[in-house]
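Naming follows writing order (A, B, C and D), and every chain is counted from residue 1.
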């Protein structure tokens, strides 16, 4: 019978990570387990930066952005040597199983621990929504709303001055943030890695809008395609659209999580503890078609997240 | 071949209605249709308060709360007489089919029009999330986030003064807003119509929390159960919890819609036009398990929306 | 030479109190002083709920609502007996002087301590803006913006349904919150204790607006005048204005402070330490005509805060 | 007796411009004047893009960002020739006097018109707060709060990853936005054009903080000093502070204005109409020491706005 579990967050921070940590801790305590927080991800595990959590440790944290357990890169955990050092610490603290919250990079560490006999379950925590086998990651909804707020602000200025804004947003290789914010922000165009595009066609669409009387525009550009400056330069070859470039960088990673992200984090955190109690490991939790799901981590590594391209068509049809 | 459609909003306003109106109008224009806006719901239809929309009519509206088409109660539309007056106006303006955005009350009007030969499709627009055959209504996500922001604020005060806040929220007969905001806000208790409750047990839980050191609490109460004052009075019989009551009323109906609501509204609005183009009517659009669905309106009238009670269990297990 | 000071917050919590606590602590540490936090206001002082603060104690707090030092009512401190108990604790902890952050009620305690030889300086921390000799209190700007956000939301619904909202806001005996939010929110009428009003005239103004085409309205009502329900009832005698009442209660006390409140709190907190270093006590800090000022607390008790009635005229002239 | 006035907005848009336009229009109507809106600043004046406003023209606008009258650059108005074209239009529309809302660049146009016999009064509308003889410009408070929200978000990420963020903010040659946001955001350092700085000293301060345990930092950098990338590069010469650069660009210009900006805009707009009614022109309105003031525009051109350097000292003393 398992008695003690650990939690860590890894990779880039995302809003809702604290809600997930809280859910794991509270659910574990509710089930009579002991819970240990591990600071700074796998680096902290190896360093033994570990502490016992009680219910008050996670009090007043559900609404906070960032991660109370900190995060750090630690490429050394890809090697057996790093992993063995981590396992030494797990032994020392009597931790029998783990929840790992982070991007799919973190899942490699979780899989390695499971193979060494320490079950580890993964929660998808990243604003980028780029993890396979989940429709949504923890942090994505908040990031989209943060981008959207910026788009709404930019539209005030764009409309006042009849400008075209090229708004570059995060997402690494995935276009989900750009796509959702584009549909929700009524963007005149959305440029994402998952769909080809033609700068000339973008220019013609803008030109045609201008001729019909709408003289400002917002273009959402996923960072995975190219940088805003580069895109603006290419676009400016086709006409004077009063272009301005804006890069929404790290601002989009922070902030208090939305309701959706907090609920998703709570559901997933609770489910992770249930899976550990069932003696399972090497599983990645997802939400698909509005249901919690699990997949073998090994399957994830061979897969690629797919953006919902029906939104691309939608964005296109509703803007013109 | 259909050439001209109409749109109206009916019942209580909800954030995202404008995004839905925009989507219907833009999609219709994209498909080569003419679009007419009908102000003040069925009342305005009967009064002939109708105007042609072009793409600029719905420009700069996606982010606005409320409904640009206004809304009004009009019980007379339940009668054949009222319906015939409406149809006269449809004839006059050459409107062949309609999109109706509103609560399930509005669907009765839509069904009547369909039966008279004017196809009408319904979109679920209400903050209450109380419409059958859809997991989410347009406006719900925004309302939950608005409540959540208030809960976060109240927690500041609750913690500073060690108080217990009973927060009454809208939802008519449904507990969904209370439930989601309760999970997302880390509420110490959630009281909804869909689940029985015991004031004494609530009191004991609060008492036990206080003894373990957490001296403030937030209780989410759905208006469909009882009023906050009444609940507070009942609770105060069991101890001094430094109770304060707060009623989050109409404030929760307004505001700029969230990304989720704008995307949902856009998807549903576009789909409604597709259905009308296929010659369909008397259908209610929903989103179930993350997919757009349709159901016969007649089926809706025999059904009842069900809250996701797994969230109730989750709220309970994560708070103690 | 003074070596050690204390800080406490008293009365109702207000956004910016933490920024003030941080400023007092950091400035004191910067000047080489030791700083002690006293929890739960004068009650905590008497109980000896006192702890040493260092720079990290106040880290990551400037943006938080509420008060990290908690607050509590403690009428017993009005008596010599209560005061002597407090002084016993000051002696025990070696605290030589204090900063008291709160409403003018708290200043009585500060004055008493000064008279017993322990210099105490007061900062105006309350959302109500009802303290004499200061144009603004810490928390007021945030509260006005919170009310304003609610007013903006309500206008969405009011416009959609052509309703009149009576919005009751906090402020105890002062109308400042209603007045500022009324001007900023474009309210059709503002009802405050500092100015007489005539329900019939309000009704006529609404009627005249309706006739000229504006069919919705927002009325800001200070709680010091009467309750929203009562006002609505009186108003409804003169016509059907589609009235709805909303009470913005404790929600308005919480939330992250605005820039203005954080800057004001920082300036005042720093200044308080300077005054204590100069050996001064029984002084209330204010901001008047954009300059930091001090007044004898004894002078405050004979005075009354005055609302800026030029704003009343302004609200009136700009709405019609 | 004057009968008809005009309003225009010029230069970069700023939140609160619409509140100012509304105030001018409503106050003028209240005084029995006719009011004409001029689109696109001086360019629109010359082009005759002019329309009559009534009370509903400015309804539901007080809360909107941007400017409903649009803005445009028009350097040709610096020449007599351009001015005469503008005056032709004023004659054509019977406009006898004007309110000009914008940066001090716009005041040159206003002065020219006054000299040609058309009184023009100027309101300081810019986020940069860089206009002489006013403590605050319309839009500044909103911009500072927008920056502050971003700083709060960045701190989540900075703390989670122990990073140092260099945040570049707008302000042209003025450091006010950086200064206020720096104090309010608890920035570890603030770099502005009005005060010299030493990259090495900044590095030492960061190093010393890190050694004492605070491992993240936020540095506010005014764009008038240098670009964030450049500053980060210079700083990185002195150690590895896990630097990230963020540029808060046009996002900061938009958004719904704060209460403070709306009230200030309303006061100034109303006052501008009073001055025109008194037959005055070539005056710039300001707020100084919390009182509305006027200064000859000619005096402004010889002066320079001064930042409040007491805030610089404050920022420095409270961070370490």
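Rule of thumb we're sticking to: a contact is a pair of C-beta atoms (placed from the backbone, for glycine too) under 8 Å apart; a residue touches a chain by one contact, two chains touch by 3 or more.
Everything quoted here is computed from the prediction, not taken from an experiment.
> Averaging only over C-alpha atoms, locate the centres of chain A and chain D and give their separation in whole Å.
The mean C-alpha positions of chain A and chain D differ by 35 Å.
> From the C-alpha centre of chain A to that of chain C, how far is it in Å?
39
> Cα centroid separation between chain A and chain B, in whole Å?
The separation of the two C-alpha centroids amounts to 28 Å.
> Which positions in chain D are in touch with at least two other chains?
Those would be 152, 155, 159.
> Linking chains that touch, what shape results: line, ring, star, complete or other?
ring
> Which pairs of chains touch each other in this structure?
A-B, A-D, B-C, C-D
> Enumerate the contact residues on chain D facing chain C in the complex.
Residues of chain D touching chain C: 19, 22-23, 26-27, 29-30, 55-56, 59-60, 62-63, 135, 141, 144-145, 148, 152, 155, 159, 180-181, 183-186, 212-214, 256, 258-260, 262-263, 266-267, 270, 288-291, 310-311, 314, 317-320.
> Which of the residues in chain C end up touching chain B in this complex?
9, 12-13, 15, 64-67, 70-72, 146, 150, 152-157, 159-162, 165, 244, 246-255
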